[in-house]
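In the two complexes below, subunit A is the common chain; its partner is subunit B in one and subunit C in the other.
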Partner chain A sequence: MWGWLFVSPMVVGLGLFMALPILMAAWVSLLNWDGQSNPFTPDADFVGLDNYRSLLAEEGLAQSLLATSLRNNVYYVLLTVPIQTALALTLAITVNQRMLRGRSMLRTTFYFPSVTSSIAVATVFLFLFQGSGAVNRMLSWIGIKGPNWFQDSRGVLWVLLDAVGIVDGRPDGALGEHRLMGLPWVEWLAGPSVAMCTLILLAVWTTSGTFMLIFLAALQNIPRELEEAAALDGAGRRHVLRHVYLPALRPVLFLVTTLGLIATWQVFDQVYVMGQGDPANSTLTPAFLSYSYGFDNAEFGQGAAISFILLGIVLVMTGIQRFLLRERGVRGQLRRRLATATARQPAADEGKEAHRAHN
Partner chain B sequence: MFRRSTVAVTACAVLATTATACSSGFDKSKNGPEQDTGKKQSLRVLIATSGDAETKAVKSATAAWEKKSGHKVTVQIAKDMDQQLAQAFAGNRPPDAFYINSDQFANYAKGGSLHAYGDKIPDAEDFAPELRKAFTYNGELVCLPKDSSTLGLVISTEKWKEAGLTEKDYPTTWDELEKTADKLTEGKTTGLVTTNEYQRLGVFMKQAGGWITDSKESKMTADSKENAEGLGFAKKMLRSGSMKFAKQVDTGWAGEALGKGKAAMIIEGNWLDGAMKADFPDVGYKVLPLPAGPAGKGTLAFSNCWGVAKESTHQTAAIDMIRHLTSKKEQLASSDQIGVMPSRTSVMKTFAKEHPESKGWAEGNSYAQRPVTVPGFTKVLDQFNADLQGLATGSPAEILSTLQRNGEQALKKGD
Partner chain C sequence: MRTTEKPLSTDERPVLARFPRPARLAGYALLLGFALLYALPFLVQLSTSFKTDPEAASHPLSLLPQAPTTAVFDKLSGSGEAGSVPFMRWLGNSTLVTVVVTLGRVLFDSAAGYALARLRFRGRVVLTAFLIAVMAVPPVVLLIPKFLVLNTLGIFDSYTGMIVPLLFDAAGIFIMKQFFESIPREVEEAARIDGAGVGRIFWYVVLPMSRPALITVTLLSFQGSWNEFTHFLVSTQSSDYETLTTGLARFVSGGLGQGTQYPLKLGAALLSTIPVAVLFFCFQRHFIRGANAGSVKE
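Up next, the complex of A and B:
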């Protein structure tokens, strides 16, 4: 009873501001609601799964907008998450070196983009990547004529293939005729647009600092003895990374990729600042599409349905990722147990405590 | 087990009560709320301003009305008008009077958030018929257009002189426009700059004799030959490089391109006057009527209207205030301050006399096309604008047939 009393502030808070709104939104996603009447009366226009049907199964504008936004976001996730994780890990290992001079200054520098407001950073990027902006001017020093970044809706795959002469412009024919969810294959395969690439760059730049911090904390938890033992065994730096750091970092790696995955699927603020889907819908994301359906088109039911589709995607993706990063086989478990056993010898019952608390 | 379920039930009960309490704000009586008839009412007005000049103009006009009527007015400036209004309607606490953008008008009217007050305006006939039609829903005039603007061809006098052109070279046909734009395109200057939206490029469709819908807005006519011809002309100019979109020359809109000398000609409306005065006071320009296409002259008309919320308790006072703000005197005053034209036909002559520099825009009033106001059309037209971005490489017929398809679907849903 006391337990419930103590947790009640949190339970009520979560219930009121998380669970209840989610349930309300789920109800709204089954309505044809324009945001200008009470959705919780019998008068509400209940349409069942119509909102989902027009998004997923019915040919039309709603479906092709959702398909476009999913295409954009898939490429955004596929590029952002691995790059930011790899970069964050590299940075963390770099600033974790005991021999490195000016460590704390470097740590601050790398972390700095993360504490800056993403709106401010996005605005600065707008100016940097203008057609005659700083980035293109720097590119011109080495003889490259940069694109007009935020106006370029071409997919980078076709741009690259065009540059090396494999395709001309963008391929037509079968790829252009056959469609999936109302979007021709040539669009699905195009890769992120040039404009989207700048958004990816921005996301990597701003978030890798935060993840560096998480990796750094975990790295400092790895006992020196392990590294020394590995060094005595004659392990090179690459081997230490592969056989000491990475296994020890596995839970943190899962945390970082999960956080990254969720954040990238929900990207909104940069899109809102940098063009609201422009150029030619190539930076449109489901989160922004949901907002735009609600507030610009007065179709809140449709908007809510999009956010539930997004929720489903995030859940599935996280599940897949959990499966991929699971402990593999007996060997992995054994190795892990050995590692923790050596690491935690002085505080052996700490693990037990944690285990009990978890139950 | 027992305890756990009691707690769960209590928690649910608490949540349910709060939920009902939250949603109780929505309870609307069918005819709107009871009206305040007091002598000293306090009105909230929400506007999306184009700049300091407009804010000042609205504030001084409402202040004058405060003195006359004895009521009090608070003018709020919206940062994101659509979002703020939608939130206010959903939260059931809308401002009493507010600007309504023509592309949102139909959504609000259909949702029943607007108090249609057209029948309470004795001289409603005086307002420009095209604009009245735009703000009519289900046969009722819902709100009064606050002003009017049309598009014209604006030329930079300096670039004109530099290229050795004279008044005789003012383009009056598509051919002349194309040739002049070619001549003016040089170095960092582009002959004609405009934005990639149907609110500008639509003039070519209109000049070719087409438009997005029929005149009653009940049928899509997007995939017509005329429209394809209009966009085809724009495409030809885009491909030759004598026409560019504002963002391609690193500017936010065509006015900025004109001010920065990146454009010799632009297609813009009356609001340009106020903006140029504020940002580029030294740049000389002249406004001409848009060149005629194969089907004659054509331009687009724009306006916001003064909406009154159905949920407002101060409707009578708000209507009275709007009548003051849209009176002949106030409209002419805001023309002087912001550059927009009056929406009353009876003062257009006075406006033309007082502002000979805006003749090119004023002339357009007689043949201007009103904006499309169909519920659910916002996303259809947004998609059209997104497609127009790729006009230089795309096919006009394909873009138009997508518009036709999407529009038909939205029309069907709107019924």
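Up next, the complex of A and C:
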């Protein structure tokens, strides 16, 4: 009895605001609904799978917008996830050194951007990356003329190839004529736009601190004897990194990578503040497209359908995460120990953890 | 083993030889430069808030304003010229929502977490699975769905619609659940033998022991609801309900026809960052624990 009394608010709340919305949206994604009438009456304009068809299978605006947003987000993911993971790992190993002065100051500095509001930091980045803003000022010190970041929809790949003289402007011909999902290949291959690069930098800047802490917790769980044994055997720094740190960090590396994959597919706040899809739809992402179909164009059916496509993508990423993380349990003694040590709440072994994390 | 002499405690002694001096200095310089990259945006933001519009445009990088002015803050506090930015209203809404959500979350999270950790009742396993499933749903996918529910329930564009859906948070429940599982059972059993019921044990015995976890959940809830954006974006429409995040986002993304007003925007962003920043610097340890907790999905 007491059990149900204690959990009932949570059950009602999560049911009402997490489970029910998904069911309702599944229904609405089959409708042509403008947000005005009640969609749950027999008069609703039921269109079956038309919303999905126009997004996935029919040539047209909806399809090319979805294709553009997917292209943008794929490049966003491909650049953000490896950079933030590598950076976080490097920072964690650096800050973990026992002889480093000012370790906790550094840790605080790297972590602070992660706790601030995404809207506030996006505002700051908007200022920093203006055409004549702080970033371009700094670039000019080393003789680089920075682009007009937020107005530049050119794909980075073509910009770079043009700079070294391989292509002129952007390639045409076969790449420009053939299309996939209504988008020419020249667009698919263009890489992230210059404007999108600012969003990538922002994401790396704000998330690397969090991931650094996750790596740090794992590093501090490596048994000291292991490092000492390696050192006694005369192992050098590189050797220890390769044969002690990296194997021990493997499960956490998977964790961080997949957390990154899941989060980067949901980029929204920064898009809203820093361009709303502009310039030339080159910062459009599926999440923002879904919002914009619903709340700007009052085509909620179409918007809900995009939500479900995005949900599918994210669930696949989550599935990959679950699959990879399951693997870690069956391998090697040390790795299993680490896995449980990191999976356990730090709150559980309060004293020791906190003490270590605090020096 | 090596117990000859101990200039440093075992835990302090480095395992590997130190880098040679030049490499060490270069390393420190590089690290310092990197730390600067992380701190500089905030420093630029701070100094720009005290600049005039023309100076912000002509000297975007200078950290010391030539003619410091507090015009931005006068405007934001409403005491300057009739401002176009209802900052005080945003602040009030954010504060109201954050306080109510934080209190509610701490209560619901600890109650549900305790039930899942300690109480035996039918459906507990299914509920735990449901909780994990819920945590896997990406919030961004729920933008239109949430609007649908709020609209159907008739609480779209109201404080109720802003607050109530945020009260339920699966991650916080998990943090509490795992903390309660780490408490030794003996204490509760002793209380039970003394004749205390479940409600009394929870309130008078377990909760007072749970301060660290409660602080973590409180801070995470505060930070989460203070920085919340997408939920307020889809649950409100009128400017009466704008918060620091939605208000600032609309102001920044749609601020055409009034010049760039960067000092004003950055000042507003700065003020909206301060509460969380203060909490962060006071309770850093708990934030660090929260960062690791967020990554755990059983």
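Going forward, the second predicted complex is superposed on the first by the 303 of 359 C-alpha atoms of A that agree within 3 Å, B and C clash if a C-alpha of one lies under 4 Å from a C-alpha of the other, contacts with A are read in each partner's own complex, and residues count from 1 in each chain.
Note that contacts are C-beta pairs under 8 Å (C-beta built on N, C-alpha and C of every residue); 3 or more make two chains touch, one makes a residue touch a chain.
Since the structure is predicted, the reported quantities are computational estimates derived from the model, not experimental observations.
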{"item": "Contacts of A:M138 with subunit B and subunit C, given as first, second, both or neither", "value": "second"}
{"item": "Partner chain in contact with A:A25 - subunit B first, subunit C second, else both or neither", "value": "second"}
{"item": "Touched partner set for A:V240, first subunit B, second subunit C, both or neither", "value": "second"}
{"item": "Touching partner for A:F295 - first (subunit B), second (subunit C), both, neither", "value": "both"}
{"item": "Partner chain(s) touched by A:P279 [first = subunit B, second = subunit C, both, neither]", "value": "first"}
{"item": "Partner chain(s) touched by A:D152 [first = subunit B, second = subunit C, both, neither]", "value": "neither"}
{"item": "Which superposed partner A:E187 touches (first subunit B, second subunit C, both, neither)", "value": "neither"}
{"item": "Touching partner for A:V11 - first (subunit B), second (subunit C), both, neither", "value": "both"}
{"item": "In the superposition, subunit B vs subunit C on subunit A residues touched", "value": "C"}
{"item": "Those residues of subunit A which subunit B touches in one complex and subunit C touches in the other", "value": "1, 4, 11, 16, 19-20, 24, 35, 38-40, 130, 132-133, 294-295, 300"}
{"item": "Of subunit A, residues touching subunit B in the complex", "value": "1, 4, 11-12, 15-16, 19-20, 24, 34-41, 60-61, 65, 130-133, 148, 150-151, 153, 169, 277-281, 292-300"}
{"item": "Subunit A contact footprint on subunit C (complex, rising order)", "value": "10-16, 18, 28, 31, 34-35, 37-39, 41-42, 44-45, 48, 56-57, 60-61, 108, 111-112, 114-116, 119-121, 123-124, 127, 130-131, 134, 136-149, 151-152, 164-165, 167-168, 170, 173, 175, 178-179, 181-182, 198-199, 202, 212-213, 216, 223, 226-227, 229-230, 233-234, 244-245, 248-249, 252-253, 260, 262, 265-266, 268-270, 272-273, 276-277, 280-281, 284-285, 287-289, 291-296, 298"}
{"item": "Subunit B - residues contacting subunit A, complex", "value": "3-4, 7, 11, 14-15, 18-19, 23, 26-28, 82-83, 86-87, 89-90, 104, 107-108, 110-113, 245, 247-250, 376, 378-380, 382-383, 386-387, 389-390, 393, 405-406, 409-410"}
{"item": "List of subunit A residues in touch with subunit C within their complex", "value": "1-4, 6-7, 9-11, 13-14, 16-22, 24-25, 28, 35, 38-40, 91, 94, 97-99, 101, 105-106, 108-128, 130, 132-134, 137-138, 205, 209-210, 213-214, 217, 224, 227-228, 230-231, 236-237, 240, 255-256, 259, 262, 265-266, 268-269, 272-274, 276, 287, 290-291, 294-295, 300, 303-304, 307-308, 310-311, 314-315, 318, 342-350, 353-354, 357-358"}
